[in-house]
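Before anything else, here is the set of structures, which you'll find just below.
Consider the two complexes below, in which chain A is the common component and chain B and chain C are the respective partners.
Now for the complex of A and B:
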């Protein structure tokens, strides 16, 4: 299991199945079915389906986690009735949305109205092909995976704005404009915070970044970067206190006011996909990914799939913090948000870059230990 | 994005009811506003002319659905004056009990809606949770949680059940520490101050010229409370302070309402003590028969009595949770009031929207309008 990646597992699976089929078939078909191209193609497909299923399952679990935890913060129970402790509630909600008709306003632009949410959803899902969940998740053959992940992540404002504009609704338009302004403004500090991590880790490869955290997780020495990154992520995820693009008090539902049925479900799912991606990025960049510190007894880290389990625990814990923030903070205003973004976050993120550079120069810190292999 | 008119309503989360705020916006800045009311008009004043005096109480619960008992009190005070009937003292204390519990319930409803408007979700449910305790109390002695139909001309329908005062004290004991918690959840957050300080400012002289009353007026520093300035029922025998703030903004209104809830708790403790010590009748004994039995068929004797009954007009002014509500009832003889007219405080408060909304941003509309505490039922009547 040590060197197996998810792709190699799916390749072996497809290989075994196709060769089993091929062995009972006559010669011409036999050769075709066992051809390398077909096996590779199907393996990629299976790999994708597994990723899709895993990401969807986690997204829906994430919504459940949010509903339950939010309920507890609010002195209530959250979803209780469908499935054990409401675990199947979100599936029921999803099926309801799936069965509903998609109503498109007469004056809406048909192309943008449908492609906007779809592209938003698709770009959010692409992320899961990039992010390593554990050592055996992908081959680590993406030396710039962090850069790619953030590039895909930053597609969102474009598609949100397209769907908002094509809805032909004033609330949608305002929500879309706010969303675009906010996401672009917070992209800068977010990337600068990432730069701090990259300086210390010396790599853009997420797998390498995780392994660079063997002496200490980056959240301690790069605390400023973590704060900037989490705040930026909150803005990118459009969650309270930065959820003003869909501030329901004044903008009804913001940019997805006109959406219903499955297209709305796309937005909803994509929002939580992005929330999941945000939590995963925090875990990967600052909380040591799937690794655990050496003082943790090896019993807790050596069982099968321990990496994935610990990764999920950390991810849900990080998202729990986001839920906590949502339960306890009011919403800020657009101009305040942008002012904080440009006047506070960017200086802070520059400071974090400076601190990271200082850390690499000093190499060792009293409490945390030494930089494993400063690359830059 | 150029200038445009935006219809916020009649179906909009900000409205907390059914009305339309037309906003002229330039980007995100408000240039002009035009409140449009009337979507919830049910003709309550006209309907009242066709009902027995006590049947109008039913309509009062529907006039303001979050402060039904305060509106019952308002109407009953005016019609008692018009009919020359004096209620027993215990009934008056019970009415004050109703009104103050209703004030807390209404303010909790406001708190829940207001924090929701600025994006706070948790206190919303805390407010609703605690309001439910008061609704349970209402249910225990009026039988209903929203449409009480409790007050009658000449008194109240029934006394509180045994053990009620202790249960009510338990609720008050639970509520008082909650107010501290509410403050921690809102005032404890810098974002709250960023959102609400110096927002929706309406100074005292503007309040007076626009007829704005209630917590909005008191938040501007003007010490005006009908319970003190024109005491009705037994308010002159109760010890309490008028809640005041001087910032005239959303935060000021928040502070005034929270303080009013504390003062209501103070009043209620005195009322509950009084009720424990003074048992007695809750209906006036000398009632004309056609009033005392409103649902019984009116026979010949009752009709004669009614014809000889003196005419009169009644006026009452009640410090309702939203502001100063006035009622005018004309008794021209007969079992129905000849004319009933109400003054809704929220109508004036909304109508002044141009004075406290223009110049702020679209995102400021929910907190500002939330701080007005809108109950559209009484606006349109």
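Now for the complex of A and C:
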């Protein structure tokens, strides 16, 4: 494994470009262009732009993936006209939303109405910057990156509620309240399921958690935690069957009823960005991240960027399961949702924590999923 | 009241042992549907795939292993008309029978200059595709086909001239074979002899040439009586050739022809 990381690649790129420009410039500019501060600053900028582009590209691809897969579940085709198999359809939709005017209701609060979706979008993007995709695509070894990711992830209900409140619309407000109630109810079991993973892995660092799974992925020994985590993640992402805040049959469009144009696109993108982040978290915590079991031939795991490729394959597969659930299950009622959240999910997650602690104590982690491998 | 609430609670309790099935059963159903439509969903991508295209149907039937079972609906489909100009006798019956008044009889080239040949021109902006015209056509030259694509961007293009209808005819699309049988006791064209002046207009304009002008004897004028000034001929209609178009009645200057039951 080479030591090239995303930041070092962008640093080298900026370094090469700036030194090529500096070599043809006169002396004072030459020194300024090649100064370390400028190179570092621009490298950070390029790094961020790459992250932004990757997150947006994957988000839009995820929407395409959902449209196609959901179509197959419903015996139809999904988007198919713009681009190959409709790949560019969502870009076209995005451009349409870009061009539209942003209409703000007269009684709406201007500050909250605009900052709500923007902050929702920004916090979702920060998530993508925190999570490691491969050993190279890694924004620094933060010792508590899992905690940071979950903390940023749970900002969302606040911003949803802010935008719902400032919309000054009863449907928006009801959707926002439901969203807050639901997200808080499912935050607890979600975190407890994560605690089980942390107990087994012995670290809050996502990179360490992934490398702990080189020998066996955690979905086997921590299956209860996986179930709780996926259910909680579905509720956090507000996807069917837990899409009560957006219940279009009763609440028009929930908390984004009043939004259109670019602000609606923010909500839409942030929703799918959160879905992407949720799938990535499932892969990181339970499915071994970018590592592959040893029975996979080394040809399939040793080509350049193999880690990223396998990681994205797993991520899209996990999101495929989310789509499968969406295609199968009807929306639950509020009381069912909250009862399952508080009465069943929390005991289950406590059980998973207990199981994880027991497994660590007796030092007999059953080997599921894969046999020991030297790792990638 | 209490009972119903309790029942509701127990049946809707997603957390009992049945909850796994509540999730697993619909997911299995969805997975089956997914597997079925993975390679070819039932959707027909309309502008590119058309059911009436035999190649496409063959492809789908080979892929799915069974006939798609829509062949029968095409047999009496009422789509765009096809007109065989060569056999059209300009009888006007289609225009008469049209409830939407969307058929105009327009002159087509190739007729006698004195009596130009007229064929139907159909305005599909008004047409309701009832099929009365093709039912009324005595020669079977105006039929309905399975063509349905009428979309244009100009209103004028909705009007199909006889030549365009003939072009549809030449595509040999499946024609609507259902034709009404002629009624048993059809009225015939009858003549009120005292009114007739023997002008030959009916025989001249009859599209099937089933009217013959026969001589009638010129009566002897009684003293003091003035014979009417006329040609001493009278039309005789051959009922087996007559298509009951009524052209003779409408051209008769003296209104001496009328519908009636021949004794």
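As a convention for this text, the second predicted complex is superposed on the first by the 361 of 376 C-alpha atoms of A that agree within 3 Å, B and C clash if a C-alpha of one lies under 4 Å from a C-alpha of the other, contacts with A are read in each partner's own complex, and residues count from 1 in each chain.
By definition in this document, a contact is a pair of C-beta atoms (placed from the backbone, for glycine too) under 8 Å apart; a residue touches a chain by one contact, two chains touch by 3 or more.
Everything numeric here is computed off the predicted structure, so don't read it as measured data.
S.K.: Under the stated touch criterion, which partner chain does A:96 make contact with: chain B (first), chain C (second), both, or neither?
M.R.: After superposing on A, A:96 lies clear of both chain B and chain C.
S.K.: Which holds for A:240: it touches chain B only (first), chain C only (second), both, or neither?
M.R.: It touches chain B, and chain C stays clear.
S.K.: When the two structures are overlaid on chain A, which partner does A:173 contact: first (chain B), second (chain C), both, or neither?
M.R.: first
S.K.: Now for A:324: first (chain B), second (chain C), both, or neither, which partner does it touch?
M.R.: second
S.K.: In the overlaid three-chain picture, which partner chain does A:77 touch, first (chain B) or second (chain C), both, or neither?
M.R.: second
S.K.: Given the touch rule stated above, what does A:332 touch, chain B (first), chain C (second), both, or neither?
M.R.: Once the two structures are laid over each other on A, A:332 reaches both partners.
S.K.: Any idea whether chain B or chain C touches more of chain A?
M.R.: In the superposed model, B touches more residues of chain A.
S.K.: What part of chain A is shared between its chain B contacts and its chain C contacts?
M.R.: Residues 73-76, 327-329, 332-333, 336, which sit in both footprints.
S.K.: Which residues of chain A touch chain B in their complex?
M.R.: The contact residues of chain A facing chain B are 70, 73-76, 170-171, 173-174, 177, 240-241, 243-244, 247-252, 326-336.
S.K.: Would you tell me which residues of chain C are touching chain A in their complex?
M.R.: So the residues of chain C touching chain A come out as 12, 14-15, 23, 26-27, 29-31, 33-34, 36-38, 41-43, 45.
S.K.: Name, in rising order, each residue of chain B that touches chain A in their complex.
M.R.: Answer in residue numbers: 1, 4, 6, 8, 12-14, 28, 115-122, 124-126, 129, 185-186, 189, 191-192, 194-195, 361-366, 370.
S.K.: Can you tell me which positions in chain A touch chain C when the two form their complex?
M.R.: Counting only chain A, the residues touching chain C are 71-77, 80, 324-325, 327-329, 332-333, 336, 339-340, 343-344.
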